[in-house]
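One chain, chain A, appears in both complexes that follow, with chain B as partner in the first and chain C in the second.
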Partner chain A sequence: MKLKMLLGSFFLLFPVFLTGCWSSHEVNTLAITVCIGIDKIENGYRVTEQVINPKAIASKRSINESPIILYTSEGQSIGEIIQSLTTQSSRRIYHSHLRMVIFGEEVARDGIKDILDYFMREREYRTDFYFAVAKGASAKEVLSVLTPLEAIPGISMYSSLETSQNFWAPTKSIKIIELINLITAEGKNLVLPSIEISAGTAMPNSTEVLNKDTGIKKPIFTGLGVFRKDKLVGWLNEDESKGYNYITGNVKKTVGTIYYGNNDRITIDVMKVKSDMEVYRVNDKPAIAVNIDMLGTIKTAVGTLDVSKEENQSLLNKLSEDRVTYFCNKAITTVRTEFKTDIFGFGEAIHKKYPELWGTIKDNWNDDFVDLPVNITVKSKVTQLGQITTPLFGEEKE
Partner chain B sequence: MYNYISKVIRYLNANSHNNKAQNVNQAEVVLLSTLAKNLDNLVEHLGSINAIITRYLDMYLMLSTDSDPANLLADMGRNLAHQDISMDINENITRIKNTFGHNSDLDIRHSSFNDTKDIVYASLYIGSLIDRGMLNDLSLALIKFDQQCRDAKRSITIDELTGYFSGLTDSSERSGYETLCDDLLSGNTVFLINGYSKFFTIATPSYVGRSVEEPTSQTVIRGPKEGFTEKTINNILLIRKRIKHKDLRVETLDIGSVTHTMVTLMYLHKTAPDKVVQEVRTRLGKIEIDGVLEGGYIEELIKDDRYSIFPTFLSSEKPDSVSAALLEGKVAILVDGTPYVLTAPALLVEFLQASEDYYHHFIISSMIRFTRFIAFFLTLLVPAVYVAVTSFHQEILPTSLLVSIASQREGVPFPGLIEALTMEFTFEILREAGIRMPRAIGPAISIVGALVIGQAAVEAGIISAAMVIVVSITAISSFAIPNYEMSNAIRAVRFILMFMAGVLGLYGVFMGLIILTLQLCKINSMGIPYMTPIAPRIKGGNKDTIFRFPLWQLKKGSPSRRGTHSSVKQQYPVVSKQKEEQVVR
Partner chain C sequence: MKIAKISNHQLFSLTACNSIGVALIAISALMVRIAKQDAWISAIITPIFGMLVMLMYWFLGSKYPDETFVDIIRNILGKWLGLLVGINYVFFYTIIGCHLPWYIDQFITIAALPETPTYIIGLLFMITIVIAELYGVETIARASEIFIILISILFFLAMLLVIPNARIDNLQPIFEHGLTPILKSSIFLTCFTTCHLVTLMGIYPYNIADIFAAKKSILKGYLFGGFIIFVTIIMSILVLGQNITSKLQYPTYVLAKEINIGKIFTRLEFLIALVWIVAIFIIGILFFHAAVISLAQLLRLKDPRKIVIPLALIMLVLSEVILPDIPYYANWINLVWIPYSITIALIIPLLLLLVFSLKNRIFNKKISKCIRT
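Then we have the complex of A and B:
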């Protein structure tokens, strides 16, 4: 009896093997995509996928092969185009490790709604990849740039964005959930980091160029692209992007330089920034006060100002406050005059505090936003001097 | 007397409805006549008759479907008739010679006292079993005694001679032919005296055997380095030396109808739960087998869950471990001829504990033991999870790790499961070969082994480098499990999990783990749940499972308190179901 049961279960197990391991796919049968670029063409899209070439990554033998392979296809529906890429690739294209999605500028200006549906709906995508908009180049061109140090450009861009977001004020990284929330939100609009190809002597599109040249071009995050709903309307430069991030509390750590007199340049290492948005109601009209608290240390002090002196401390505070206020006002002015879209989330803040007031103004918000009184108050504290006190060559006697 | 006969008849009547009715009647006649003939002997040896009749009745009942009761009873009759020795020394010797079939190592020496040769005696022994030195001493003593008598110029009587024999060291007066044969086979010297219906046995067994050496399979850095040997006598000594207490009980059984192996039960009276001791005793008593050559025979025959691959007896080569188990209230089973002593009940956690845990500082010990538990799970899961992740769930890996694995797997022709199975199987072969091959060619296998599961295999492009790491981690982790049987069980489970991982991915691995947990919770060791004290949970019992709490914190009576004598009787949850099954070979 027991033997029969044993044999029975043994035979029952056979079909399991016959199905050929359902849904299993070995790593070496996959083409791992790290980056997708989407460009606009005449009636449709051109999708470029940056796929890892594992052979070239293997550290042992240095094969003179490109670490990435680009597959490009054109069509009308994103899902269809990506599926059709299998006709070019010998392996199944695997999207779970996607790191970056780069929109071409025209696509972004046209609206990215239709594309996002695909990325949310398709089950193979995780939700931890970043978005960026290519500026001054097509997405395909950005994807074709090889990077030194990190062999896979997609990963390189991802890490660069992640690191700079933590240590450099002008960038902001956005993942898909936040992206969609920003598009659907009322009273807040989307910004995406812009990516450019930096100036350089040579375009690194092969490993030879990468190995030979030092002044090569690189993909570089420059500022932010401003959206109204899902459509790109313009760009913020570095200063304005900084301002945007200060207002929205998106600065973690950064570095800024303040100028005093003719020769003094003092660079402040901003350690901690806290941003706070307060809404007031004045004559049934909203008003916004943004309070920014920051804490900094001195990174470099060039010139004659003795930063170690007590009375100069308040001067430093004052100077750095002015500097940040300048960034913020500049960002607000630019956005108001040129783009007329509330990327700062003022509307959202009003909505939260005075919902009924928001009900009366929300329909026309992007125009009303232009007239919204906004008061920026920055409080800065430059506390630490670094490892030395006075400027090294500050008090040269002549 | 009457009771026995009527009992027999009752049994026979009970079975007479079958087609052997006529045989039974015939058998009845034979039996009754035999009994009548040997009435004298029967009265004298009631005890042994009881045993014989019971044995034959059992046999009869068991084999009643296909054996002839007449033959059986006739055999029994013969046995009853011949169980005593004859008064005539020559008749006895002839009989012994016939029984032993003229063995060349059976020595029979005729001697006589008094010149008149009126007292003839013979010394018998099996030359290969006895200690020559002791025999020499014995002979010398006899010659001296004879000389004394000659000097005194007097003849001695049988009474005097028997009196003299009784006075010798390790001597005993015995009767019965079977006893005589057993005594000879135990390495004793037997003296037969003409005209005397009993005989004398003098213990002269040879104690040749390995001396106490360091255990080879359970090594320690700190702690006693004595190991058990093949001789039970020595092993009992090693334990008694450690536990000098009057409560330490030693019970000896004779198991194996041909080998007559001495199986010894040891336990601390009052500490070991009576139910457990009784359970072990009953189960051992039920064993019927030709031969017992190692403790494994006993383990397999009295195990609670016979089909479970998990060991439910802890085998140890170290007297200190066994002593600790006895102090915890466990029962030790010592089998003559093997240096491994079994202790039961054995719990899962014990297989991951080492005696050394108790000899080091408790924090260090806890750390080491924790490492061992981690190793346990690593050796169980690493290949399965690797296969599952690389063939099914690439998305759960960090991108850089996936890229690294992908680049290693580039050009590897097999899917993950086949690759893992190949490597694991190769390692198993290597391991088995390492044990079986002659010592002299040891270095050869390490050289070849390093090739097949090393860099050479990777460079040949057959397997990926990550797989080598996986196999190596699995291997070293499996060596960290202190008990070899447990390590084997885990090996088997590992392969099952690998299969499930290869077929169903992590889903399969988790299914396998659930089944494994169910199995572990189901099995018992001598009626004690295997997962005690984790499931069922015992209050305070987990102070010595994954971590070892300091000795002063281990409560008296917790199931795994080592090295401290506790006086609490009942340390385990209630003994569950008693095994009623007959243990038959």
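Then we have the complex of A and C:
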């Protein structure tokens, strides 16, 4: 009897566990998106999603299919547009693996505030993807470029931004938390990396082009876009972006070339950069001193200058200091004359040191910032010469 | 029937879980909204004040070491007034206890499973609590002893891993808006970490083995909980900045999303979710146990287990009704929770203490008069 009851209750309870999981989505019902591009159209946005084509990525045989699929839709609200993409895609689009968000230039000029709300509120998005602004092309065009080394362009762009942030001074990677903090911060404004399609003969929009051609176009990070609040106001070129990153202490490692005389070109591998911003108060007015310390190694030395001599050491240091000072001053001058927006965070530094002084000047800071005295001091030390001491061909006389 | 007695270390872990509980995942948003980047200072101030409250509970219990809270109230206030205050406490335990399944199901639906009905999540939570309650106080205490180790390891691991993202200048300038917002926000923190501890009176002093050593373990547990809350608040400000923290629903959860070390330690936000759910589970049991025991005492039931399932069903249904949506909840905190919790957890025990000492004094005078004459 007891056994019967036990068996009966077992069979009654059994179906409860057979129903499977609630809210479950199998991987083969999801379309994983790696990159979202947002462009401005007449009234609203055009959203392009770069979705991974699992057949082309995962199969062992080489399939002649594009590794990505682009879905595009238009509308007024980002959330609505993205949901409506399901009418084109056979699978539900899944955003947790998003790597990049690319704004079209017009969207950025119009303001990105309204878009960011969606990315922060929606549950599926994490906080680890990067942002960039497309320059000279629409976001859709940037997304449609296939890349050779990394099959998925979104991941290629992500890795390239991350690597260049570590090894090349002009780029800067920004994630959503920092992005929002920069937009809302007082006395500091946003910059975003700009992405272009490089010059070339062939547009890689199919895998055949990617296999055959040599002069293919690639997505490339070129410099920084300058924002006032959430609106794009202009671009910094490579030198100015370098200057920006030196001032804000965002350079990890980079390479720079200094020129001496007519023929001598010495490239220095910058191994370590430390920069700090100090605020002074002079006659109830703020003043900024930026101190940059750097440590370098010689990468290449072309010309006759004997870098191994001690007296030339100080010359090298001096030249590289001048070079970095030039970048920094150029960045500051351009930003002051053309954009009038404090992207360097001078205002924030004043706010942190002299809160009450900041209270009196914060209202029209972006205008006052133009007259702020900024002093840049660079200290450079070129300590190592690489594997060669004296120049290989230095003593040849023609 | 043999009375279940719990050790002092178990009391420590119960107190710690209880004061971490509700606050862990969401409190920093509330605090930072008021005190901006200085919220961490009020997280230091609050425990100093809270320790006085803990001492008050301990003192109250130490005078009647073998009685339950309802009996203490009845002893101090007499039969009818005691009944009234006792009913008040049962009401508090039941109504606020209903919020705990609500917290869990809101969190799970927002963060992980948007399509699952909230009733199912609440049901699972309540079933676990009912099972724990039927096993008795000793089991609950032992479970909390294990859980506090789990909580500490996972929590500090998550916070350690997020340190590389911290930026010290998010804390500056210190004291920008003066002391008032800091004190104001510490009221919030008191309501969320200290006032819940009145549920400890469900097991204290009746189930405590050594009442005088209990003082130390209650204070230790409370300070440990306070330290964990302090770490969450300061890390939220350091990593996310005050602006974003104040606008988030679950700042600590987003904080854990930021963990990224060498691309290996990523996507660890469920560490924090796990810590929080475990802590909420302990606090849920304590609320439920306090409600069951107090009601049984008021009704003078011989076996409190008989009302466990009915009360659980009531609380389950109530949990879905009592808080309709999140804006209502935000409003409810300001309008109801602060005055209500302060009344229940601070003012009434204080009055009990006052009446107790007055009674004692008068009584003692009478005795000494009797002796003199």
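One rule holds in what follows: the second predicted complex is superposed on the first by the 376 of 398 C-alpha atoms of A that agree within 3 Å, B and C clash if a C-alpha of one lies under 4 Å from a C-alpha of the other, contacts with A are read in each partner's own complex, and residues count from 1 in each chain.
Everything that follows uses one rule, which is that contacts are C-beta pairs under 8 Å (C-beta built on N, C-alpha and C of every residue); 3 or more make two chains touch, one makes a residue touch a chain.
Note that the structure is a prediction, hence the values are computed from the model and not measured.
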* Asked: For the overlay on chain A, clash or fit between chain B and chain C?
  -> fit
* Asked: Is A:R281 touching the first partner chain B, the second partner chain C, both, or neither of them?
  -> neither
* Asked: Which of the two partners, first being chain B and second being chain C, lies in contact with A:K272: first, second, both, or neither?
  -> neither
* For A:K309, select first, second, both or neither according to whether it touches chain B, chain C, the two together, or no partner. => neither
* Report for A:K113: first if it touches chain B alone, second if chain C alone, otherwise both or neither. => neither
* For A:R92, is the partner it touches chain B (first), chain C (second), both, or none of the two (neither)? -> neither
* Which holds for A:N181: it touches chain B only (first), chain C only (second), both, or neither? -> second
* Asked: If you stack the two complexes on chain A, which partner ends up touching A:R126: first (chain B), second (chain C), both, or neither?
  -> both
* Structure fact -> Between chain B and chain C, as viewed from the CA centre of chain A after superposition, lies an angle in degrees, nearest 10, of 50
* To do: Identify which of chain B and chain C touches the larger number of residues of chain A.
  => B
* Identify the partner contact of A:S23: answer first if only chain B is touched, second if only chain C is, both if each is, neither if none is. => both
* Asked: What's the minimum Cα gap, in whole angstrom, linking chain B and chain C in the superposed view?
  -> 5
* To do: Under the contact definition given at the top, report the residues of chain A touching chain B in one complex and chain C in the other.
  => 23, 126
* Residue numbers on chain C that touch chain A, as the complex places them -> 110-111, 113-117, 120, 169, 172-173, 176, 239-241, 243-244, 254, 257-258, 260, 266-267
* Asked: Which of the residues in chain A come into contact with chain B in the complex?
  -> 16-17, 21, 23-28, 30, 32, 34, 52, 54-55, 57-59, 94, 96-97, 99, 124, 126, 152, 155
* To do: Provide the residue numbers of chain A that touch chain C in the complex, in ascending order.
  => 22-23, 123, 126-128, 177, 180-181, 184-185, 348, 351-353, 355
* Structure fact -> Within their complex, chain B touches chain A through residues 390-392, 394-395, 399-400, 402-412, 415-417, 502-503, 505
